[in-house]
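Everything on this sheet refers to the single structure shown next.
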């Protein structure tokens, strides 16, 4: 049985309206393609992407730091309360076929570093501020020859995502 | 949005045909009720329950020890490769609304202990051998006043599961 | 450089005076032999063993569930606040050359199950009540041919520990 | 009982002679002050710092990704094989009173991000290359008002470390 691909969307847990708008659109796009939306399950970008996936008829999976399902945002269809604190960042990344970064502080930075080490394709929205913007287009260390994919618009991020997941 | 309840089925990773048959039937029952089947994602009871859920039209979620999606059995629809080894037993349990134990060695014993501490309802199949049979009906320590629910038949396990999830 | 052997002492976090007395004596014995005392770093048996090691001039290492060093008992010389909740049980066991079980509820049961799977020698004090007493002398599943070593007195536990660590 | 302070040294697992030399000197300095050297327990900067601590008469604690003590470098006096893969980066940071960064790729980047979120003081050697040099002096996100402390020489790093640990 072919499983559906899983796309991790990472970014700020605080609310930045422009970043949330990008996340929402990406969540809908992910759902429309039949992929599973994976996120850290909390607020901000995570909630907006989950809402997009949910309203688009898809599945939003929430991988939480805490040991309680109550920590999840209301759009999560399936909840994994890991109970392992921010060590769960590592799991978020391993659960991804592709990672999409929107804005983001040090939580996002941590997940980008993990994604790099795990060999996951990373698409960073270069118009979204935060660590996603700062690292878009960069090679992070000697482990890989490629670079973080830089997407300057939502459309470009969607094209990159589709290119990766439809050709795998 | 109301999420669907999540049922963790635990038991042997090795193949015991009678235990696998119970797991398969439980997986189908879980899917038929619209619940999500959660398992450790590997062989034996985990695979049989996942197959039951999948063939019943439901979602089988696999929470793996390894860091690779390739470790999952072929019936997993959504895969979480935790990368944290058997520390993932803790996450399996936290992701459960109810735990159903079928047979089982020390991996299952570990998860029953975690489930007890996390306050999760536990249904143990007393006809299935292993640690599930040994602990069915027992109170494990001072932390709880109740006991592990003992189910002597598949029908009884299904009734107990339905009773818990439909009255919550 | 030869590192010193590491002995994990597991048991109740609540205070049972007789169990704590065993733990204290074992902690002193571990220190007197130059071994490192590893524990979960909290109260009860963990604190008593740590106190024994500390007062015996040894090193008590505390591996905590929480993300704060403040959770450790006052006898811990080195503190590892894992931040991963009770998933840290897995780490406790992996950090052990030998495991000694005294009394214990489901936390101890969980660690015994992990120790069995990790192939660690386990000495259970059969006079100490709890899961240590219940499982002393037993073979837990098909993974191993040996049994949990049963020690009926403190002296016997010390002899068994010395026999394992001095012949490795 | 007053425990000794714990200093985490992070940096490349690959060998860069200049970075290793800094790490070795820092390890000796940490030992000379009676602090515990914490590291990820592997090669490169981790091994050099552990060797410095060991040869300086101190304790080198190794917190490993793998489940086997054999992964540790030969200078580790106490070994914690976490078995949780690179999720152990989170534990490294929580086990630190202060973090010292020397060179470093994405593993180091991940740990700096965790250290920032955990509120730990971070000293980055600005003459050591890698992510330590790139982030020295920077504020990483809105969570903190301070910056990563930039040390341009080994002496400066030692002064900063002493200033933090002797005034706490």
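A, B, C and D are the chain letters, set down in written order, and residue numbers restart from 1 in every chain.
The rule is short, and it goes like this: contacts are C-beta pairs under 8 Å (C-beta built on N, C-alpha and C of every residue); 3 or more make two chains touch, one makes a residue touch a chain.
Predicted model, so just to flag it, every value in this text is computed and none were measured.
Common partners of subunit C and subunit D, by the touch rule above, are A, B. The pairing of subunit A with subunit B is characterised as same-residue: of all residue numbers used at this interface, over half are used by both copies.
Seen from the Cα centre of subunit B, the chain whose own Cα centre is farthest off is D. Subunit B and subunit D have Cα centroids separated by 41 Å.
Chain geometry summary: the mean Cα position of subunit B and that of subunit C are 29 Å apart. Shared interface positions of subunit C, i.e. residues touching 2 or more other chains, are given as 67, 83-87, 90-91. Subunit A meets subunit D in the complex at residues 14, 84-87, 89-91, 105-107, 109-110, 113-114, 116-117, 130-131, 140-143. The touching residues of subunit D, when paired with subunit B in their complex, are 67, 83-87. By the touch rule above, subunit A contacts subunit B in their complex via residues 1, 3-4, 6, 36, 54, 59, 61, 63, 67, 74-84, 87, 90-91, 94-95, 118.
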